[in-house]
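Below are the structure tokens for one structure; questions will follow.
Letters are used for the chains, namely A, B, C, D, E and F, taken in the order the chains are written, and counting of residues starts over at 1 for each.
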Amino acid sequence: MPRDFVERLTTPGQMVEGVFQVAEKDLRTTKKGQFFISAKLRDRSGEVPAVMWDATQALFAAIPQDGYALVKGRVGEYNGAPQILIEAMRPAKNSEIHLEDFLPVGPGDPDAQMARLKEIHDSVARPALRAFLAEFWKDEALVAAFRRAPAAEKLHHAYLGGLLEHTLSISEAALLLCQHYTQLDRDILLVGILWHDIGKTRELHYTESLGYTDAGKLVGHLVQGVVMLEEKFAAVRASGADFPEELANVVRHLVLAHHGTHEFGSPKLPMTAEAFTLHHLDNLDAKLHAFFRDVAADADPARRWTGFNRMFGGALYKGFEITVEEDKPDEELKGGL
Amino acid sequence: MPRDFVERLTTPGQMVEGVFQVAEKDLRTTKKGQFFISAKLRDRSGEVPAVMWDATQALFAAIPQDGYALVKGRVGEYNGAPQILIEAMRPAKNSEIHLEDFLPVGPGDPDAQMARLKEIHDSVARPALRAFLAEFWKDEALVAAFRRAPAAEKLHHAYLGGLLEHTLSISEAALLLCQHYTQLDRDILLVGILWHDIGKTRELHYTESLGYTDAGKLVGHLVQGVVMLEEKFAAVRASGADFPEELANVVRHLVLAHHGTHEFGSPKLPMTAEAFTLHHLDNLDAKLHAFFRDVAADADPARRWTGFNRMFGGALYKGFEITVEEDKPDEELKGGL
Amino acid sequence: MPRDFVERLTTPGQMVEGVFQVAEKDLRTTKKGQFFISAKLRDRSGEVPAVMWDATQALFAAIPQDGYALVKGRVGEYNGAPQILIEAMRPAKNSEIHLEDFLPVGPGDPDAQMARLKEIHDSVARPALRAFLAEFWKDEALVAAFRRAPAAEKLHHAYLGGLLEHTLSISEAALLLCQHYTQLDRDILLVGILWHDIGKTRELHYTESLGYTDAGKLVGHLVQGVVMLEEKFAAVRASGADFPEELANVVRHLVLAHHGTHEFGSPKLPMTAEAFTLHHLDNLDAKLHAFFRDVAADADPARRWTGFNRMFGGALYKGFEITVEEDKPDEELKGGL
Amino acid sequence: MPRDFVERLTTPGQMVEGVFQVAEKDLRTTKKGQFFISAKLRDRSGEVPAVMWDATQALFAAIPQDGYALVKGRVGEYNGAPQILIEAMRPAKNSEIHLEDFLPVGPGDPDAQMARLKEIHDSVARPALRAFLAEFWKDEALVAAFRRAPAAEKLHHAYLGGLLEHTLSISEAALLLCQHYTQLDRDILLVGILWHDIGKTRELHYTESLGYTDAGKLVGHLVQGVVMLEEKFAAVRASGADFPEELANVVRHLVLAHHGTHEFGSPKLPMTAEAFTLHHLDNLDAKLHAFFRDVAADADPARRWTGFNRMFGGALYKGFEITVEEDKPDEELKGGL
Amino acid sequence: MPRDFVERLTTPGQMVEGVFQVAEKDLRTTKKGQFFISAKLRDRSGEVPAVMWDATQALFAAIPQDGYALVKGRVGEYNGAPQILIEAMRPAKNSEIHLEDFLPVGPGDPDAQMARLKEIHDSVARPALRAFLAEFWKDEALVAAFRRAPAAEKLHHAYLGGLLEHTLSISEAALLLCQHYTQLDRDILLVGILWHDIGKTRELHYTESLGYTDAGKLVGHLVQGVVMLEEKFAAVRASGADFPEELANVVRHLVLAHHGTHEFGSPKLPMTAEAFTLHHLDNLDAKLHAFFRDVAADADPARRWTGFNRMFGGALYKGFEITVEEDKPDEELKGGL
Amino acid sequence: MPRDFVERLTTPGQMVEGVFQVAEKDLRTTKKGQFFISAKLRDRSGEVPAVMWDATQALFAAIPQDGYALVKGRVGEYNGAPQILIEAMRPAKNSEIHLEDFLPVGPGDPDAQMARLKEIHDSVARPALRAFLAEFWKDEALVAAFRRAPAAEKLHHAYLGGLLEHTLSISEAALLLCQHYTQLDRDILLVGILWHDIGKTRELHYTESLGYTDAGKLVGHLVQGVVMLEEKFAAVRASGADFPEELANVVRHLVLAHHGTHEFGSPKLPMTAEAFTLHHLDNLDAKLHAFFRDVAADADPARRWTGFNRMFGGALYKGFEITVEEDKPDEELKGGL
């Protein structure tokens, strides 16, 4: 049975049955002293308030906060918005939970994106870097994680597949720029782009929800990325290929310096042309993604500015071609007058 | 009659009679148009919601916000937590208020701590500094204030006795470090430690509640500490002992420079070995105290990280040996299913 | 019929009829399932909660959020404070809206202020600057906008007439200081003062409410002021008078540098004596205005400190001559005891 | 007669006759008490020390410091390096001075660059922006200045033709990126790129030497660029074409925000996607130009790092493929042993 | 015999006899192996190079570096500038040294300035502050030090009498501003102005040379000023007058907060209207003094900009009315051509 | 033959023969046109000027700048200080160069220090950390490098053996502090101390001179330390012992966070009690070492302050017990008078 996502639970009277994440829960008492549960149910499409009358303390305790529950009920209405009236509820069994229903997923086609990235990597000419990329592509666990991971918890590309999308996007931009800035070392730049955020596969967890792992908070994806480099350098050398230590330092530097300043957590400032280029391309790609996402998501389509945006430190200008409707009452509505 | 502290008001039906601070108060009306008071009652052990039905506007106005009230009633329950049902209430008389019931008190034994500090001071050898310390110990008002004052309003050692505890703790640490860094002038360092925060006896008020005095806000404990130094230097010299002006400058400098940077309010940066040492020991003692306090107080014992901590600018890692219980439903609880 | 401003709607039972801005509106349902509207009504004197029972969804939708409505009803009471009971309501017609009722107005007499400013300008001696000022005074639209504009959205002189008041105030202060610092070029300084914030006539809108225009957000009043300078330089030169480019640069510099630092948005740092003087006088005038306004407006007249003040980054000291009443219950109020 | 540039004055005995800039001059006396002049002579290819024996105080005074002198003499040698032995010298007449000999010139072909830029501009589709560009191209004085101006005094593209080269380079990069980031408004971005540094034609002087004009120091190229925009907006509108004020604000914003932060002198932070893109492309183009220039110019070809580089705040890594010669004495040179 | 100051030692052959400070000294050997001393001699009017042939190592050692020497000789010339040919020299006796000859002295008349300051103080009305000022004026040692001290080592008013001049200048400016900003407490402001830099009498030494004392470096004039306040508060109270502690805190605050920010060494930020005003007046007076001094002292009268100025972080614009002479050779000077 | 170090080359006429580093070299010509070499010779004890008359261009070119030369000559004198008169010189052969003569060596006994560190490590109780330390101690190459490396190029412990000395010193201090702060995990702290700077064995080179390696500049000792951790974690696990990943993260964090702030290059801020403690102990140990070194090395023993000290951002106060000799001529030395 296809799942009814929250965004579609809009018709009063509509039946509801399925597994939801319990984003909030509260045990309250009616005037008559009976317990009821007020909650918010969530899946990847959104969140909806819910109420269960005639609840018990034991049931309330059993429902895990931020965990999953199997819910049965109907769509009701409260303050002009949908509210789920829960008739029955219990903790969900693991076999009933489909994580894809609860995590945001990016818009792209991962198969096509991976194929295009592979194609780009096949154009790398330096033997040492070709050997390095070969080790990446044959590491199935890493490739799978890279394909699935988000690029961030919140800031940009914050959904499954976001790391791949972001990495591929910068790679495409770099290929174009290298046509113009011909002094750049295209091969080194492409390897730096692949690896710059690969530590996010370890910095973030993205099975039940998006968030930082303990290792991510204590070590961080820049240094985790360098540790993952060492694993691959060792593999390349174990395979009999040469990977000069000087080249290894340059690649390590690309990963460590890509945030551009100490303030943003880079232990080293960019000192090579490719490191500067990676830093600017990464920054521009993240900002353009967030800009167009936040402009598209802005609550009020009739205004030219978004609200205050924390990432950008101000409101964003959506453009002057937005049609701003003037609020003029074109007919007189009488409310008793 | 021993007082029932808030932390022990947990049994529904339990009788309540005593003086509480009124942390919040709100006059509301029932559906039927009758006034009732919603409030929070507080003492040093915690805070509990309370409600008084059948209240009047006059009574509401008479109860001082953040002041003390004599309350009579019973323990009830609301949303699964205790709530006091107030039956009668009036402003407390001064004679009924015991301030110790409302201010936090440190865990240590002040008598033992003062004795230990005295013992440490007795080991000071430089005659001028011995004479100085003698003036401190014979100033009964100052000694009493020093023994009672908190070390801060909120950041660390924020309870009665905190200044003594913090000062003694740094003194012990300094004695140990001086065994290793033998070039440090142990006597000067110990006097600097005693005096570094002594201005807090004037910067803070700590009789009814903890907070900053007008003088504290306008002048601050660093400069207040120097003014208090002048009083003692004068006393030493009046007593016939010598206190060289050069030594006086060094002690003033220790007090003024102990915050380490202009940004944190020191008008002078540390320029002597003892000033650096005092700054680091003070900083470390305050942070370790706050770290272990905040980790211990963290609401959720099953998580490895505290919430965002403003003093540290991030979450604190409580350690990997915390047993994190996985939220897995081990038996099926049916809520109607 | 003279309008009853919000600040005078305090007597239960008092009739209410007039146009108000609808600051908030919310459609809710009673226990019995009937819709009612909860709202806040506002004019330049303040804001009051309101409720309309027996509302419809259509009426709710017709009332513009932040727009104007004609309201009929009575003053009621809720939680001890006035609440308007709306009996009838509809969107206001343009002809019914008097914007002066909704925008804050400064305390001064604009006619007298303009006359005084003109008198000051008449004392300017340099021919080029006299010609420049003449172009200002004969530009009726600009003079009208300058007379009506606020000096800021919130920080200081944030009301109609504020720009004039602030500009005149600095001019007076500058005249006085020039008596003492005789090396200052009084004429250049006075022209710089007139023009330093004139871009606010374009940066802000102040017809229906105070706020930033799109041009204000994208360009800003410093650069808008320079663009307005160009218009006047062209007019002076078109009139046959000479306005040396060197003098023009000095005036442009005064406008661009008056915020004093890059951090506050000046693209150039002050490099002339007049630029330093303008920066300090502007800053001091704004701060003193805000200081005395915020001290006067502080909610609690019995305290010596205001609450945390964002503009100043701390609490303000209202002075020690404030009579702080000690909260001592001088008679015993019995609440059942 | 083709000029002998300084870089070619290397053969002892070689005749020298020509106009040089006098970078330094010093009047000294020999042991025997006779005056001589020690000086440095300069043209766009470099600088060489010079000495004139048997000089007089009058001649010394007549030679303008940093001005031009006609010099006659021979190449000599001092400390193993060339030194000009001046036999005769006088201030140069204006007709003898060819400024191109003294200013650095960029490597590109301005005709080809202008043609390519024109071609790019011809691809702009928005009518208002086409009309704007038409006004630029028909303003011969501006086009000539734009073609001749440097992009900076020192930091990057600091030679005649640098502004054109830098502007064209960013335009090419933008065209490429717009293939990938298709949501960007290509036309607006191209106009912003053309105008972002156009104020440098007024901020810098570049006839006798490179440096800042008074207007440049007092106003700056960002605001000068906006003032130049106004001139062209007026021309477009005077020509009968429409240039919406909303679009004008967006273009002004691109110019004002292109430095990216207040710290670097932008009075407004970027708030549109095109503004972010322009900021990053400008920054990257300037840095890559400076990076490759400084690496190429580094004094010691056998080292992998440049010296400390002020623009980048550190040394630059020239790459590991530099052959670093180890300093090993391969044969024994005897100096008396 | 009136002293010949360095600035007047310009005529070759002129006799020299007097005491000079020895700013530099160097023992060298001639080609023939004989010792000679190269030195710089200094008094308050300037500095001149000197040479003594036929010196001995013993004499060289006896002349104190930065101390005073009695010198006898003649004016010679070297590289077109005066040079003293020392014929005899020995360390000066204390009785021969007139310190006023070596310290810079301000341009004002201290008697008149003190009288004017007294007149201003006589206008103070609050009894407590009148009593305070009385204690200042009757402390002869302090009054004498205040009259003699400089206001800074280098930044502004860096000469004997500078503290008085600066204090009086701000007082005059404050009197004027109080006519306009009538809400300011004129009496408190005047006392704050008197005391804001009074700690400089202890922070600086100014008998043999200008510089910081040990106490000045370790404690600083802000806190030294507060310590000096305590001495006077005690004296006022000892005299039987009342000086409320609340008022004392406000005066202490004025002294401590007058640098305006932590960054510039104020342990407290301004929190009263008078504290803001003092901070701005102090800053403006210091900057205007330094601005006009540095513009007047600029080496090149024909340029519109000073060199880089460290206090202001840039070059200062001297004004467009400077006549900049174009360096054009108006007649042809032949140097052999 | 024992080497005569520079510090002992003080007697005119003394014979010199040995290998020196050539710190500076300059080819000059005498009046008569003959070449001579002016140079500075250096070993670990200091630096001395030298001159070689009758040199040739070929010899000059053969002597490597900053390399080693075998020098034969005598001690002369110039300007009252020793100068080497070189009679013969040639590049040194590798076999003649003893690097220990040219690199600074610490004052301690490395054998005793290593033994003490081993003893401390033997007290570690956690099995995983014992296994980790065992891997360290059996890695002979690493142990040798750790024993020999400096702790910095210049800032503190900048000599052979400095890393060991600094690491041991913090370890001792930590042992003492753990007696007082008993909640600290002593074992984790000790391992963090051992490893915090171990990356310096790769960040610095210290065979011919002290300096940064390419890897050090591109990667840095924090991340190099983490990479070295991975090598040892792998070795521990390969040996069959358990090293929990959670513990590994905590150790990585100690290494990465020990600089305390992003500004100083830590990619992570301290989040554990041990990380705070390590940061403060490291900082204090480095500062105290530098403080006492710079005070001891200060050129002028008779002054109470060092010169401006870059590491501390100011002058250091050497203490008031320094006997400052007043420069008073106690007998009259006549220089011809």
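Here is the rule we go by: a contact is a pair of C-beta atoms (placed from the backbone, for glycine too) under 8 Å apart; a residue touches a chain by one contact, two chains touch by 3 or more.
As the structure is a prediction and not an experimental result, all values here were calculated from the model.
When the partners of chain D are compared with those of chain E, the chains appearing in both lists are C, F.
Over half of the residue numbers at the interface between copies chain A and chain D are found on both sides, making the touching surfaces mostly the same.
Separating the CA-averaged centres of chain A and chain F is a span of 47 Å. With centres taken as mean Cα positions, chain E sits 45 Å from chain C.
Annotation: 62 Å between the Cα-based centres of chain B and chain D. The residues of chain D that reach two or more other chains are 214, 217-218, 246, 249-250, 253, 271, 315, 317, 320, listed in rising order. Chain pairs that touch one another are A-B, A-C, A-D, A-F, B-C, B-E, B-F, C-D, C-E, D-E, D-F, E-F. Taken in their complex, chain F has these residues touching chain E: 78-80, 304-305, 315, 317, 320, 327-329, 332-337.
Residue ranges on chain B touching chain F, taken from their complex, read 169, 172-173, 176-177, 179-181, 183-184, 244, 246-247, 249-250, 253, 269, 271-273, 276-277, 280, 283-284, 287-288, 291-292, 312-317, 319-320.
Taken together, the chain C residues at the contact with chain A in this complex read 26-29, 52, 55, 57-59, 62-64, 67, 70, 72, 87-91, 93-94, 214, 217-218.
By the touch rule above, chain B contacts chain E in their complex via residues 214-215, 217-220, 222-223, 226-227, 230, 245-246, 249-250, 252-253, 256, 262-268, 271.
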